[in-house]
Every structure is written in structure tokens, then in C-alpha cells.
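What follows are several structures.
Each of the next two complexes has chain A plus one other chain: chain B in the first, chain C in the second.
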Partner chain A sequence: MTALATTVNVMHHAFRAGLADYRAIFTWKSWLAGWMVRVIAQVAFFALLGERIGDDQKTFYLLVGNSILVAALTGVFSLNMTTAERWAGTLPLLVASPSSPIIVFSARGSYLAVDGALSALAALFIAGPMFGMDLPWPRVVAVVPLTALVALASYCFGTFLAGIVFRFRSINSLVVLTTHVSLMAACGVNVPLSYYPDALEWFSRVLPVTNGLLAIRGVLDGADPATILGDAALEAVVAVGWMTLALASFNQLASRGRRDGSLDYGA
Partner chain B sequence: MGTPAVEIEELSRVFEPRKKPPVVALDDVSLAIPPGEIHGLLGPNGAGKTTLVKILSTVLLPTSGRARVLGHDVVDETKAVRPLLGIVFGGERGLYWRLTGRQNLAYWGALYKLSARETKARTQQLIERVGLAERADERVETYSRGMKQRLHLARGLVGDATVLFLDEPTTGMDPLAAREFRTLIAELRDEGRTILLATHDMVEAETVCDRVTLIDRGKVVATESPRTLGQVISRFQRIDVEGVDAAVLGEIRALTGVSGVTEADGGARIEVDEEGATRVVLGRLVDAGATSVKTSLPSLEEVYVQLIDDRGLEL
Partner chain C sequence: MRAFVAGFGLELRIVRAAPDALIPLVTAPVFALIFLSIVRESGRPDLQADALMAPVLMTLWWIALQNAGNMITGDRWQALLEPLLATPASLASVLLGRIVALTCLGLVSFLEVWAIGELVYGVSIPFEHPVALGLTLLVTALATAGVSVAFAAVFVLTRNAYTFTNSLSYPLYLLGGVLVPVAILPGWIQPVSSVIFMSWSADLLRASLKPSPIDDLWQRLGMVVLLGAISFLIGRALLFHVMQRMRAKGELAAA
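What follows is the complex of A and B.
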């Protein structure tokens, strides 16, 4: 097989392995009845808040922001793949195999990107009409790939964090919490970027939600295509950047492990 | 002899844990294993077996010295080495519990760069070989420990490895499962594969290996045939007995081949150091109406001491 074919094959199997973990937690029924209902309730809560404190515009702002946030929060959960304790036993075997473990890590949690995008879109397209939001056809179709892009970028970011948390297991929950709060607070989900000091906007722009969310708001508000495409391109750059760092951190993890003996079977 | 399957030259590894003194896990180890041999690496816990296996598996760097697998350096030529290796270690880790046995093998097949067709065929063949056919499509989390170990072995064989490293592969298996496992290991050797089997079980080393290297505190003590090892093991036996009086014990103490009798609450431990003596002692104990008699093997340490002494005498 060609190098590309073997790589794709490994990614496919890693994806399946991740999905199997997920399917052990959720069935279709419990996913719909448990997870989706929760997601929609959460988005509706913020929309209701908007109705109480402001006008339609504020309501829709919160509704869109919090829907897309679902894609991000779900994607970022890929950092939990490190806590799946069995990794402790497979890492040396992955390193010793003829394929690079980073191929596995790049795909292992990607079902979360799919899940995140689907959840966010469902939230937006269910909660939106509930609150009387106008979803301009056919422009709104562009929201689908953009949401997928946000989910993907967040997944890349989560994978990067996974590489860090791998070494410092004890800080896992702290990292999850900090990340969730940062994404919620600093990415233009509930308040526009202009609300923040300039320095924070820079920080915000490298986080995996901000640019994509701006693009999505642009689509819904009828902004000009060049602005939308610009934000979308930035989002893609952020995704590629985090994935590059993620792969580098896993490479580093493997070569460091070879040196200090931390690649343990954990038998 | 052509290229050895595994060639280890003056290999050392020192661990330097933070805030703790350095540990010399391997100290100047040299060893050559010809192709097609089952080579035992026998040593007590902490001897350095896993460290050696890890270095050979390319997941740990040596501090000094070098090692080659089929002529390829395990530090610099990992690309050439890794496809040749199969790695199996004891315990239940290293498998995806949420996947079925078959899916696990297919996953590793992908990592070993098999095509979908090869994977399918090899997976089926391995599943049958390790006796998992009936459960292959069930999740690994439902497997018994022995089944997981067998799946581990199958996993190690997915890449059709020519050199296999087995690190305590039978830990925790029941005796029957362990015996079947050993039969399988012998079959693999008969197919021309080279096997390095790390174990702390003397009987395992004696029964399946063509040669055995004894290692202790990071140093090679000796490389022996399993016959030598077996002789030592069978010569040194311990007999724990209950329900015989001091007079009988005194009598036994005087028998040739009995090296010691220690009495302990209600019973006694008799140590034997000559072949054949065990039988005599057991006969005498049964005649004297012993209520419980149990024989056990000497400890690894005792065997070491003996082997070193024997060589001392030869010199």
C-alpha cells in the first residue's frame, strides 16, 4: 500500500476505536434523549436570558453564540482521550509499531468533532425557530461547513491539550474547566469582541471558536462574502496551527519517553 | 552463524528519577541470540528484564552500548527494526476493551501496514490459532484474563514478526492456559521465528527455552541450557511437612542429601540438595504418618547462588 493509503487506514481504525468508546456511553436513544435535550435546554436558557435583558438582537446573539459553543466544548473533550486509562498500556506499543502514534492521536477523538458539529447545528436549527429567529435560506447552508470547521478547530485544540495533559495527568480537570470557561468568556459567545481590551482580542483570535463564530454571525447577518471568507480562513489557520502543535507535542512525548523511560506498559 | 537475530553488546541503562538516586537497571549486558531460538531471560523482579525488552523494542534508549535486531540498530534504525518486531507483555493492558477481539487485531493490522484484505485473512487465521474463534466478535472487556493474554499474543503476531519479545506473557494465567500458551510459543519457534521470553518463572524458562540467560540486578549471571537449570531446580527442593515428631525429623536430618531441617510451629521445612533425596525423604515422612506434605521449588536466588558456586568449582 502507498504511504497515504496506510495513513488513512490507520486514521480510519483509530476513529473507529474512538467511536467504540463513545458508543459504550451513548446509544442513539440516550444521545437524543439525554445529550440533545440538554444541549437545546442550555441554548434556550441563554436565549431566554437575552429576551429578559434585551431585545431580539441580543437574544439571537446569545442563541447563535451558545449553539456554536456546543461544537467547541464537545470538540475540546478530545483531551479526555488521555485519561482513558488504557492509553497507558498502548502508547509503547504504538511507538514500537511501524506507524507513527501521532496518526492515531490525530484521529482517535475526531468523532467528537462530528458529534460537536451535529449537536451545535441541531441546537441552532431547533432553538432558532423556537425563538422566532430568521434563518435566511439559502445563505444559512454556509453555516453547516463553518460549524464543522469550528468543531474541527476545537478538536485540534483539545488534541493539543491532550499532549500536555498526558504528561501532567493531575491537572486534567483543571485544564478542561479553564478551557471551557475561556471559550465561553473570551470568544465572542456572549459579548462581542469589541467589549474586550485589544490585547485580549489577540488571545481570543487564536482560540478555536472566535473566527469561525464571527463568520457564522456574518452569514446570518448578511455580511459581505469577503469578510466571511476572511474569518473562515483564519479559523482554518487556527485549526491547522493547533493540530501542528498537537502533533509536535505527541512527537515530543514519544521521544522524551524513549529517553526517560516513561513509556510504560503499566502492567 | 550468520547475522544473529538479536545482538546485544555491552548494553547499560541508568535511570535517573527526580529526587532519587540513579538506578542501574542494566549493567554491561552482552548476548547474542541466533535466529530460530527461544531464549529465556530469567530473573527476579527488578532484575532488568523489562528494561532490556523495552530497549530492544525501540521504546527506550540505552545509556551506553548497542543492540541490533537482524543487523539493524535499535536506536538509529527504528524504521527498519519496528516492522520486524512483535511485542507481547503480560497483564491486561494494551488492548482496546471497547472493541472486539477481531477489531483490535484489525486496528493493529492497520498500524502494521497490512491491506484490508491481508488484515482480514491474517486476523481470522490468528483468531483461530489462539483459540478465540467463538468470542472474536465480542468486546474484549468480556474476556477472561487468559483470553486477553491470547489476544495479546495474536496482536503481537499481526505484523508477521520474525522476532518476538514476550515479557512475562503468562503472568496471572491459570496453569492450564499457561501450558497451552507455551505450546503455542514452541510452534512459533518451529516456524522459524526468534523469541526472547522474559520471565521470573524458572519452570517456564526450563520447559520452553532453548537457552536461558539468568540476569540479576542488571547483570548477566550466566547463559545456560535449560537442562542445567532443570538439574539445579530438581536437585534443590523444599519439603514442608506437618504432623511428624522430632524423632522422625532428627532421623531425616541425618539422611544423605538433606541439607537442613528447620522446625516451625507444628511443622518443619526440610531442604534437599541432591537428586533422588526428595524421594527418600517423602517415603520416610509418609511412613511416619505425616498429616501434610508439600514440596516446593527453590527460590530463584538459591538457584543463582548454586549456579555461581558450581562455576566457582569448575574454575
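What follows is the complex of A and C.
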């Protein structure tokens, strides 16, 4: 088997293992009655604040931002994987195997990007009409790949963070939750980027969500295609950037754990 | 009562050793900043006080629900559930004590949002009715714990409590009128909200920050306590039946 075929084989099995994990958490019924209800409630929670403010445009702004944020929140969950492996007792085995841990982790959690994109789109297409928002056809179709891009970029970001958590596993939950609220606060989800100080605005541009969300807002507002494509390209660059950082750091962090014996369950 | 006090003390010691349960205290100030930025950017400074109170209620509920969901499962995994049930103490009282300890610590979020509002935007909490505000926070912490015991009993029956704890946050914030009064919700949802203790708490908190007199303060405080107490009693009965069933089927041990 060639190196490429071996890698693809490992990724295939890792993806199937990830799906099996997910099926252990959710059935179709609990996904719809639990997860989707929560997602739509989350979007409605923010959209209703817009209603209370008394501004339809603000309502739609909050609705779109918080719908797309769902893709990011789910994607970032990938950083839970290292801790899950540790609890299952499989982390040392994984690091000891000839495959690179990053290959396994990046494939194993990729279902999260799919789930994130689907959840975000469902939120937008269900909550939007509920609040009387116009989803301009056929332009709105472009929102689908853009949402997938946001989910992918967030997943890459989450995979990078998983490498950090690999070394500092005690802060796993803290990193997940602070990442969620930081993305919610800093990526133009609830207020325009211009509301932030300049430094924060620049910082938010290297985070997943920000550029993709601008592209999606552009699609819905009928912006110039060049502007939309520019923002989408920036989101893609951010995704590639975080995945490159993940590739560069993950194996080194794992090797350090192997050296100092901190990979096992009790560490 | 002794079981309650023992549970309270136990949880304080657990939190001291592993403060993960209090992570929502890290996110409370960020939520306050998010809500404040929305209302300020929209030119509605009159909603700032409400924006500060919402994260307090969210933190209380989040801390209680996440930990209630894991408490019995955690005890089961550590093989503590069997000896715990073998004691004459009521499991529901121990759980209530443990969750009340967490919700009391969750009240620190009030100080956090007050501080972050002042530091970042120069926005303070208007203490128009400080006694009513303090009493509302206290009964809300107790009621949250009571309701969480009921959920803890239900979670034991599920194959994955995470699915439910993760799903119950925003629906309750919405139905409980945490940020937006229940009156803004569609009419058909409002009767559901009226039996959720959080909707009474949220309305009272908002009222205690406004200069106008608070109508029916004691009745409304009583309603929060009553709904919390009813939930606790339901939870206690549920827990008893669930434990009986697990004992009969030999399912107490995690293995």
C-alpha cells in the first residue's frame, strides 16, 4: 500500500469511528428533538432581543449571525476529541501507532463540520421565516457552500486548539467554552466589526466565522459578487492557516507528551 | 437537613479540588459584554440593566444543569452510588445540598457582570430595590437547585445525559424570559413560561432594577419558591423510583 493509500485508509476508518461516536451521543430523534430545538431556541433567543429593541434589521442581523455561529460552535467541538481519547484510554495507543495523530484526529472529527453546517443552515432556514426574514431565491443558495466553508474553517481552528489541549488537558472544558463565547463576541455575530476597537477588528479577521459571515451577509443583502468572493477567499485562507498551524504543532506536542509520560489516563 | 448540609459541604470541597464546575463564571462577563454591545450599538441604553442581569440567570442555570446531569453518573462511575444508597440519608437531600452549594457560588456572576459593566462601558447595576434584588437572587438560586434535582433524576434514565444537558440551556433561557420578557413571546408559549420559575425570577430581577414600585413582591417571590419546591418534590419521588428500579435490576454499578 502506498503512503497516500495508507493515509486515506486511516482517515476512512477514523471518520467511521467518529460517526460511531456521534451515533452513541445522538439518535435521529434526540438530534431533532434535543439538539435542533436547542439550536433554534438559541437563534430565536438573540433574534427576540432584536424584536425587543424594535428594529427588524437588527433582528435579521442577529438571526443570521447566530445561525451561522452554530456551524462554528459545532466545528470547534473537535477539540474535545483528545480528552475523549484519553478517557477511553486510547490516546497512548494512538500516539504509539505509526500513523500521525493529526491524520486520525482531523478525519475522526470531520463529521462535526458536516453537522455544524447542517445545523446552521437548518437554523437559518427555519428561524428566518419564523421571524419574517426574506431569503432571496435563488441567491440564497450561495449561503450553503459559504456556511460549509465557515464550518470547515472552525473545524480547522478546533483541530489546532486540540493540539494545545493535547498538552494541557485539564483546561479542555475551559478552552471549549471560552472559544465559543469569544467567537460569539468577536466575529461580528451580534454587532458590526466597525463597533469594535481597530485592534479587535483586525484580530477577528484571523478567526474563523468573521469573513465567511461577511460573505453570507453580502449574499443576503445583494452585495457585489467580487466583495462576497473576496470575503469567502479570506475565510478559506483562514481555514488553511489554522490547519497548517495544527499540522505544524500537533505532532510536536504529541511527541513531548510521549517524552514526559503525560499522555496516559492518570496524567 | 443533615444530609443537605453534608452534601453542601462535600460539593464545596469537590469544587475546591476541581473547580471545573464553575467554568460558566468565566463566560458570564463575556455574555454581559455581548448583550451590552448589542443594546448599546442599537441605541437602547434603557436595556443595559436587563443585559447585565441575563448572564447571571444563565450562569446559575448552566452551572446547576451541567452538574446535576453528571452528579449521579459521576458517583456511579466512581462506585459511590451503592454505598450512598446504603446509608439512611436521602439521596435527593444530598443532591440538593450539592447543587445549592454550586448555585450559591454561581451568584458570584452577579459581582462579575457588575464589575465588567463598570470597567468596560461605565454601566452600573441600578440598585433601585436592593432588598428585592437580593431576595430574588437568593430564591432563584434555591429554586434552580430544586429544579436541577428533578432533572438529575431524569438524566439517570438516559443513555447520555450530555444530550439533554446540552439541549436544555437555550430553550429555558427563551421560555424563562431571561433576556426578553415573556410578554414578547408568541401568545401560545406564554402559558408554558408561567410555570417555569425562571420567568418569575427574570421579571422580578428586571422590576427590582427599575425605580417604579414592585407589584406583589412577596407573592412573586413565593411563586419562585413554590415552583422550585414542587420541582424538588417531583425530583425526589422520581429519584426514589429510579433508584428502586436500578436496585431491583442490579444496575447501580456502572460496569
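By our rule, the second predicted complex is superposed on the first by the 233 of 267 C-alpha atoms of A that agree within 3 Å, B and C clash if a C-alpha of one lies under 4 Å from a C-alpha of the other, contacts with A are read in each partner's own complex, and residues count from 1 in each chain.
Convention: contacts are C-beta pairs under 8 Å (C-beta built on N, C-alpha and C of every residue); 3 or more make two chains touch, one makes a residue touch a chain.
Note that the structure is predicted; figures quoted are calculated from it, not measured.
Student: Applying the touch criterion given at the start, work out whether A:G34 contacts chain B, chain C, both or neither, answering first, second, both or neither.
Tutor: Only chain C is touched by A:G34; chain B is not.
Student: With both complexes overlaid on chain A, does A:I164 touch chain B (first), chain C (second), both or neither?
Tutor: Neither partner.
Student: Just chain B (first), just chain C (second), both, or neither: which does A:P92 touch?
Tutor: first
Student: Now for A:V237: first (chain B), second (chain C), both, or neither, which partner does it touch?
Tutor: In the superposition, A:V237 contacts neither chain B nor chain C.
Student: So, A:M133: does it touch chain B (first), chain C (second), both, or neither?
Tutor: neither
Student: Considering only touches as defined above, state whether A:H13 meets chain B (first), chain C (second), both or neither.
Tutor: A:H13 sits against chain B, while chain C stays out of touch.
Student: Pick one for A:A24: touches chain B only (first), chain C only (second), both, or neither.
Tutor: Both partners, chain B and chain C.
Student: Check chain A for residues that touch chain B in one structure and chain C in the other, and list them.
Tutor: 24
Student: Over in the complex, which chain A residues touch chain C? Could you list them?
Tutor: By the definition above, chain A touches chain C via 24-26, 30, 34-35, 37-39, 41-42, 44-46, 48-55, 58, 62, 173-174, 177-178, 180-182, 184-185, 190-192, 195.
Student: Quick check: in the complex, which residue numbers of chain B touch chain A?
Tutor: Those in contact with chain A are residues 13, 15, 50-51, 54, 57-61, 79, 82-83, 85, 87, 89-99, 103, 106-108, 110-113, 115-116, 155, 159, 167-168, 171.
Student: Quick one: in the complex, what on chain A touches chain B?
Tutor: Those residues of chain A that touch chain B are 1, 6, 9-10, 12-14, 16-17, 20-21, 23-24, 86, 88-90, 92-99, 104, 257-261, 263, 265-267.
Student: For chain C, which residues are in contact with chain A within the complex?
Tutor: Counting only chain C, the residues touching chain A are 20, 23-24, 26-27, 30-31, 33-35, 37-39, 41-42, 44, 47, 160, 162-164, 166-171, 173-174, 178-181, 184-185.
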